[in-house]
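Below are two complexes that have chain A in common, paired first with chain B and then with chain C.
For the complex of A and B:
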């Protein structure tokens, strides 16, 4: 408790120090053309009660949640299958390694031509980018299962499904959870990026486009800061959840 | 973990349910075939008439309901017209003609929207720039919002008049809001800007070097409203209704600056003080084939289009307005 308290305090000092330094540099005129830190923070605070921005945030949140949910729903089962079948995994691995480094952003112009529905376009781009950490972590999590435990259960006459549910899945779960947490962050990045690049009727990225069109750098940065804060909160929440669920793993 | 998963599942179900309620429109024999339109706009003054038509109820009078979708640029919005995710979009002519010739889509321009006026598209330089004349831009880096588009076309033609041949590698693409910093840092030597960025940068000390919409590019047509050829063929009454509504808005925009100033902050985040001082282009009330052919001819001359490009097949004559 005290250790984590000190850590939080140190982190807060680091952030505050950076903000104060940026504010002073801007006020002294070393960096011009950017709005003051205090201006941006004030705008960000205003945005948290601004109906238009909240509507935009709700839309982004919806595509993020849908994209992440589908990523989990697709990534984990495929990862389990590939993890359980090393020969199949060896066959599809080159394909995975080919697709994985392709930047989602580069696929957006193509996706615009394919998807007529805004939400489908956004979800597709999010899934493409965020499925890799889930998939890869699930495969590795399954490979890491203690063979003795697995064989023991097998020698007692348990079928493959029972071995999966009783040994493999619990053992791989922490890996999978880490993959999901990484995917959650990637999904936020892509949720806003796809809006910035492909536009749309609403969304935080669309709000930033509108602010940009009017030359409102303060609003652009304020919306960006809030997106970052949301990402921070999601990560903190998922880390806390992992700690709680996999207490036995962190106790070591 | 289990609980989180349940939340995910719940959100998927909710979202799928929401997206199911689509915008199908009841057809009545005399009214428009499609009554709910998704229209792509850019958050720049070019799009103002559509906001005016919404605010003044002109679309409603024609039985149309218009939902705006904010786009990053015409080059990304026009493919959405092809895919059907947009019914209509603000379409800059250079993008439209290029995409049409490349075969990416078949488009129809159903109305004009924006035409350059003096000082609406200029090359700006920094406060203490040593560049004093257009000829001084030879070999210099020039920021533009998009490559191979209106900006590069206008800059190339303007400098050609000054005896300078621009090499395409001189152009640095970047978003308009970034140009002020790029000028200041010296990343670029000059920047091609439109409003409100001309006014904003002037306030910070940047200077106008040359108007790129003068001489051979004076009154240059910039953007209109585009649909796919397919959409125009299937929805002639919708197109006519859209044209009638928009014509009223173009009329207002071309005669009353205040109406444009009031519309701008609704689809961009421009502040009222800036909106009041920016230089506005012209909002033409008719779609003129000869004017648009000028754009295509200049594109051919500068190598943006291969050979002669006839704009006539792209123009959807406004049946009711004429």
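For the complex of A and C:
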């Protein structure tokens, strides 16, 4: 068997082992608070075809996608601008360093007051939290560009825009992609968090709060498990996409 | 060089001052109720929290009763997660079989948004500080755990074999080879989880608590005390900045030997 085959098999045994052990421990009655593992898994399977949950998931997904798209649309151009102008970047850096430590969740109560529209509130918080990895990775990516390649193009008479498109962007692209992947994970966390703190009409966070209000901890855990799996899949897909798109970089 | 960096520092301070002045000007001109001028926020923060007696380093009683539970939860939760993450991570990282068995579980654990634990834990257990600390621990352990596993798994084979040739005992190998070699990654994980712990602390206080900065933030928002809301946000930003800077100070001390060793290598 190949090495990766062994790893997959061992991983599967690890997951199955933990689930069975937890189920047995719960059935033996050592922990009475928690719902059974089998119950949670059955609920999770049911939720994947449950209309109410799918509606909630669609709403969360919409604010996630909108927030992430706006983050990319705003974060990358600003990052490119700052990365291309080191003096401006040095001047703006203290502002970035003052804004970044503010926990994005702390802004939710203020955002509740400022934004009347649920989607605007959610997107705004997602953008604030997920713009940092995109912005900072873009700036770093541009700093990392090979100066020889840049100067070569310049000495052949290419203008700054051509240098940006032909050298800087391709060279910075893998950094930017990593930033976007990190932002996608952060955006999932914040999409759910803003629903948990601010409430609203729909969304996975609201679904969990409702399930909690009805004492359905099995549904709460099942919805959380599905959210975790979604996050895992998004990350795996983006890692795979990075490998495929930037294969030339790994080959170097 | 020193003069230049000093000049750079001066420019930065001037820029921050100019930004605050601009913020003041714009908020005064716009006079939006939700965006008070920074001077209003600062004076509100001063009367609320920093006008106390000298004996309390100018902190008011209000500031102390608010900060103590928050900082306590944050530091206890982060400390417990750090110890557990490092110990488990080193053990898992040194065993290929164990890391293979646990890898999917750890990847999944990391992918679950930590804030979702808060309502679940509050539904399962009693609302209160122990439950809040439990959510912080389970929410922030992942960066430490994953980095410790990675650090312990990538110890230089030559170092290990040299140690064995010289007859070092197992505890000696762990203490002198494995831990120092994993240290840079562990420290990076600790820093990530410290900033995550601040976030988890705020969320656990926003969702269910009757003390702390997060609780204060919610009550201020519910009572439309806008300068108080801004004050809490600024306070949390300062707290995050201070936590990160103090961690960097300690990190530089701990890892000084490491950067020196790398210069010689």
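Throughout what follows, the second predicted complex is superposed on the first by the 241 of 252 C-alpha atoms of A that agree within 3 Å, B and C clash if a C-alpha of one lies under 4 Å from a C-alpha of the other, contacts with A are read in each partner's own complex, and residues count from 1 in each chain.
Methods note: a contact is a pair of C-beta atoms (placed from the backbone, for glycine too) under 8 Å apart; a residue touches a chain by one contact, two chains touch by 3 or more.
Since this is a predicted model, take the numbers as computed values, not measurements.
Enquirer: With chain A superposed, do chain B and chain C clash or fit?
Expert: Pair status: clash.
Enquirer: Just to be sure I read the superposition right, which of the two partners does A:147 touch: chain B = first, chain C = second, or both, or neither?
Expert: Neither partner.
Enquirer: Tell me the contact category for A:104 with respect to chain B and chain C: first, second, both or neither.
Expert: The answer is second: A:104 touches chain C but not chain B.
Enquirer: More chain A residues touched by chain B or by chain C?
Expert: Touching more residues of chain A than the other partner does is C.
Enquirer: Have a look at where A:33 lands relative to chain B and chain C in the superposition and call it first, second, both or neither.
Expert: In the superposition, A:33 touches chain B and chain C alike.
Enquirer: After lining up the shared chain so the two structures overlap, which partner does A:157 touch, if you call chain B first and chain C second: first, second, both or neither?
Expert: Neither partner.
Enquirer: Quick one: is A:51 in contact with chain B, with chain C, with both, or with neither? Answer first, second, both or neither.
Expert: Neither partner.
Enquirer: Please work out whether A:5 is in contact with chain B alone, chain C alone, both, or neither, and reply first, second, both or neither.
Expert: neither
Enquirer: Have a look at where A:197 lands relative to chain B and chain C in the superposition and call it first, second, both or neither.
Expert: The answer is both, since A:197 touches chain B and chain C.
Enquirer: Scan A:112 for contacts with chain B and chain C and give back first, second, both or neither.
Expert: After superposition on chain A, A:112 lies in contact with both partners, chain B and chain C.
Enquirer: A:212 in the overlay: touching chain B, chain C, both, or neither? Say first, second, both or neither.
Expert: In the superposed model, A:212 contacts both chain B and chain C.
Enquirer: List the residues of chain A that touch chain B in one complex and chain C in the other.
Expert: 33-34, 109, 112-114, 196-197, 209, 212, 215, 217, 220
Enquirer: Could you pull out which chain A residues touch chain C in their complex?
Expert: It is residues 6-7, 10-15, 17-18, 33-34, 90-95, 97-99, 101-110, 112-114, 185, 188-189, 192-193, 196-197, 205, 208-209, 212, 215, 217, 220-221, 224-225, 227-229, 231-232, 235 of chain A that touch chain C.
Enquirer: What residues of chain B sit close enough to touch chain A in their complex?
Expert: Touching chain A from chain B are residues 1, 4-5, 8-9, 11-12, 15, 18-19, 38, 40, 42-44, 67-72, 76-77, 79-80, 82-85, 175-177, 180-181, 184, 196-197, 200, 204, 264-265, 267-271, 274.
Enquirer: In their complex, what parts of chain A are in touch with chain B?
Expert: For chain A paired with chain B, touching residues are 32-34, 62, 65-66, 68-70, 72-73, 109, 112-121, 173, 177, 196-201, 206-207, 209-217, 219-220, 241, 245.
Enquirer: Considering the complex alone, what residue numbers of chain C touch chain A?
Expert: Going through chain C, the ones touching chain A are 8, 11-12, 15-16, 19, 34, 97, 100-105, 107-109, 111-120, 122-125, 195, 198-199, 202-203, 206-207, 214, 217-218, 220-221, 224, 226, 229-230, 232-233, 236-241, 243-244.
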